[in-house]
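Quick one: this structure, given as structure tokens, is what I'll be asking you about.
Chain IDs A, B, C and D follow the sequence of writing; residue 1 opens each chain.
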Amino acid sequence: MSDIKIQNLTVQYLGMDENEKALDGVSLEIEQGEFVAILGAHGAGKTTLCLSINGIVPNMIAADMYGNIEVAGQVPPKIPVRELATKVGSVFDNPEFQMSQLTVFEEVALGLQNLGVDKETIEKNISGALEMVGLKGFEERSPFEISGGQQQRLAMASALSMKPEILVLDEPTSNLDPIGKEEVFTVTRKINQEEGLTVVIAEHEVEVIAEFADTIILLEEGKISKAGTPQEVFPELVDIQRDVGVRVPQVTEFASKAPKKFGNSIPVTLSEAIEGYKK
Amino acid sequence: MNEQVDSQKLSSATGGGVPLTYVIALVPVASVLNVIGGTVASALKLPIFLDMIGTAVVAMTLGPWWGALVGVITNLTLGFVTGPVSIPFAACNVVGALVWGYGTRWGWANDKVRFFGLSVASAVFVSLMAAPIVIFVFGGATGHSSDILTAGILASGADMWAAVFSSNIIVSAADKILSSFLALAIIGALPTNLQVTGPIMAQEDMGKAVLITAGTVVGVILTVVSMTLL
Amino acid sequence: MARVPVGAYVPGDTFFHKAHPFVKFYWVLSFVVFCFFNKNPYINYALTALALVFVFLSKTFPSYVRAMVIFGPAAFAMIFLQSVVPPAVFDNPQFLSDLGPFQLYTESIIYGMLFSSRILCICSWSILMLMTLHPASLSSALQRAKVPYVVNFMITTTLQLIPILQREFGIILSAQKSRAMQAQGFKALLPSIIPVFAGAIDRVAQLSMSLETRAFGSDNERTLLRYNKFTIKETTLSILALVPVFVVFYGRLRMNAFIPEGGFSLTPGAGVAIVVFCGVSFLLIIFGATLAIRLFGKS
Amino acid sequence: MSETRIVCNDLGHVYPNGVEAVRNVNVSISQGEVISVVGQNGSGKTTLVKHFNGLLKPTSGNVMVGDLDTLENSVGLLARSVGYVFQNPNHQIFAASVREELSFGLKNIELEDNEIEKKVNEVAEDFSLTQYLDLNPYRLGFSLRKTVGMASIIAMEPNVIILDEPTTGQDFLGVKAIRDSIHKLSEQGKTVIVVSHDMPLVAEETNRVLVMCDTELIFDDSPEKLFANKEVLSKTNLLPPQISSFSTEVKLGNTKDAILSVEDALGALK
């Protein structure tokens, strides 16, 4: 059963010209447990797509929205974000801006407390969520005094403690250093593979995406211009990187310029490249 | 799925008020801006407070009583951080919020001249509130450089009340005029659906920076003039 | 355990840290009432000294000093201002000496000392309480005291963001200094404060989205997490906190508010010395502000 | 153009809270070099470069910028020869128009009005910002804002330009634009110092790398040598560009100098 079903979705923000659109007729289906990466240049509509899935557009950020969207059996524009929150967890690009509580424990507890879940369940869920993101033992720390990567994992734990089906991450690593990025990706992959969560992530780090994602969606000016597995999409982008504003993994570029060395299949990850390389 | 259902309109950009969570995030950040204003003033060695900018922003957008809440939270929080002496001054913050909030509701933020009047009014009311607190709680002192002014006025033979009120209003006038115009600059950058108290003049037409500079100049002139007059 | 750098809290494990927040709060409240109604500055100074003993016992002395630095100028200014004002409230003031344009009277100086001693005493006790109060238990206590959750949330968040935005302002100031800006005076105001505002506006937007996706404002009743129950020990200690309040009201009614018979006395030399010392100290602190900011800014 | 040489002698910095951030660094940077400073967060790399324009003063040893000792000169004065572009443009942008933003530094160093206008127009031309000059910088997207931040420093024509994490949060075209400006600055004979985690940028755009690890400078050589040095890489957790790792693994090129770019790798095939 598909978890997210979007048909012909068009979004226009307040103050946009008539033919200027943040999203322009986007259609896609995402299956339960799929890992989907959204790629595209700044302004291509990545954030709008993410925020439409968790209902922030149009519930909090006013916009004209046309088409059909169904997420975990709900229609996001029709219900308050806070009700969708138990189905869709969200993580945003600036980890520090999402923090408000005095300790890591309270930060993770916030959503569950808001839902009025009983104390025992809260403690169990928090412990599980912190375990999952590798922040066990950080309960009494201040969320503002941990590293960016830890903050972003904390934001993930805060979403996970509410046991969502889907996790939407809007450029979660754009403000992090390589170690922080690595931490966030490792955790994201873990919750996708071990917990079976559907993951939708907007990202610029193509090397990691190539390794982790089941499906890549490439956005260009609010439209989906390519979709498929990394193995299908990246080789097609080698010559148009500049036009679509998306880089391809270095090994993909190398292999497509030296095809003789790789036979028919163009690698997208380091291990594929090493394996496929003919000395 | 057929074409008709495909083009179904799900939402409209014109509807919707202020999301509750936006208010809940704005109030603490405004309270922190009050505190940071003070930090900035002391770091740049300015002879003013700048500690009510957040109050002004919220009072003028969400309404007088939300502004008052920002004021109370600011001073209460400062009380937790530095000790309870800042708590009584919450009253000044509340008074300022009410003047800005109701002033905006009554149309005093619609043009430059009246807005300037509103800033002066808030300065006067805030000083009227501050003087008794300073005298009863602190015996006339504030620990601020304006104490020197108070001592000067006392030396010229005035009594404690006159001295405290005059030294306070001088600093306050410059301070509130500047704060009002800075608050206007912030409001210009907030989402427009926040303005529930009444229409506020459009900042784009006037050029924020020009306005603020004008506010600063007038404030400083007022300070200098009143100092020489006294 | 890890550091929680919010407010004045100093991590520790002393008996003062372990005491119930309400008990500490009642005692501080009791001392506040006492200081306000007591008319003898020396008793307030003695109580301040007692607070200092506890500060040492709870191993919080450096933070205490840092926190009290900002009250220095106010305390000095109080004594100075009250001393130079004609003592209108007293019938028969005792003239001590002339000091430039001012006349000094014993009562005025004592009155100034009374104000400063109140502030010192109240601040010392409450800072002692704040330094040993884990901010998270504060939030739970507020909730138990029936403060609406939204207000409680706002207070907690404000407490959290103050040091963060102060740090942000520090970065902004260095960024502008790197563009050769003089970090002083009105000219520097807009370049330093506008980026703080802009950052704050972005923060509000993202924080509100993050709260919304965590079911903030849902109709369910919130779950309470941290809260220590009162035991008999705590109840007894809380009731004992009423003692100073009784003492001070009894003193007001029966013992002329702890003022010694025949009033206070000072020699002219001592009076002049106190006033000059306070005046000079105040000016030094205000105009040596750079130094104070540096000391304070380190925290 | 005059020359500005940066020399650190036994530079050490201990923060007021007692934390030692930089220990015993000796380094000399000549005019015209393109250098990157890498290392983990907390390794001291930002602390080190903040000494180059006097934002931080050494607590031991000294730093000379040209003939100026940073201990004795203000940031304002040093800003004329060393420009520092902060990571987040939002920390410096405040003006109502891009034009004002670009002229801010020039006004601070007290240039004549007509000279300011000339320089602003020149730098706007260089960074393709001419069409945005009268717009409010807050209306621009993140990449353009970052360009404005960079241009406002370069307008002051410093001999040395420090870029702190220039490519963080940038998309493909943003990164491309930053790389082009580094080229251009280098061609003009400026010294460019890049503090970055972006290893492809370090590999392809700079010709000398300083590696900071745990407060100390542990490596000072070319990127070819760095990405071939397993010991330094593992000690600092630096991840080489994908193409370098690939080439090392399949033994493309020689073992002493790592392959730095796809072009190099293609070249090594032949």
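Methods note: a residue touches a chain if its C-beta (ideal position, glycine included) is under 8 Å from a C-beta of that chain, and two chains touch if they have at least 3 such contacts.
On a predicted model such as this, the values are computed, not experimentally measured, just so you know.
When C-beta pairs in contact are tallied for every pair of chains, the largest tally goes to B-C.
Put simply, the chain nearest the middle, going by average C-alpha positions, is B.
We define each chain's centre as the mean of its Cα atoms; on that basis chain A and chain B are separated by 40 Å. Here the CA centre of chain C is 44 Å from the CA centre of chain D. Residue positions of chain D touching 2 or more other chains, listed in rising order: 138. Across the assembly, chain C contributes residues 135, 153, 157, 159, 190, 194, 198, 202-203, 207-209, 211-212, 216-217 that each touch 2 or more other chains.
Counting partner chains per residue, chain B has residues 19, 21-22, 28, 189, 209 touching two or more of them. Residues 16-17, 50, 53, 55, 75-77, 79-80, 83-84, 86, 88, 90-94, 104-105, 108-109, 138, 152-153, 156 of chain D are the ones that touch chain C when the two sit in their complex. Of all residues in chain C, only 168, 171-172, 174-182, 190-191, 194-195, 198-199, 202, 298 touch chain D in the complex they form. Only residues 7-8, 32, 67, 70-75, 77-78, 80-82, 84-86, 88, 101-102, 111-112, 114-116, 119, 122-123, 126-127, 130, 135, 138, 150-151, 153-155, 157-159, 161-162, 165-166, 169, 173, 183-186, 188-190, 192-194, 196-198, 200-201, 203-205, 207-209, 211-212, 216-217, 282-283, 286, 289, 293 of chain C touch chain B when the two sit together in their complex. Against chain A, the residues of chain B that register as touching in their complex are 1, 5-16, 19, 21-22, 28, 193. For chain B in complex with chain C, the touching residues are 19-22, 24-29, 31-33, 35-37, 39-40, 42-46, 50, 69, 73-74, 76-77, 79-85, 138-145, 147-148, 150-151, 154-155, 159-160, 163, 178, 182, 185-186, 189-190, 209, 212-213, 216, 220.
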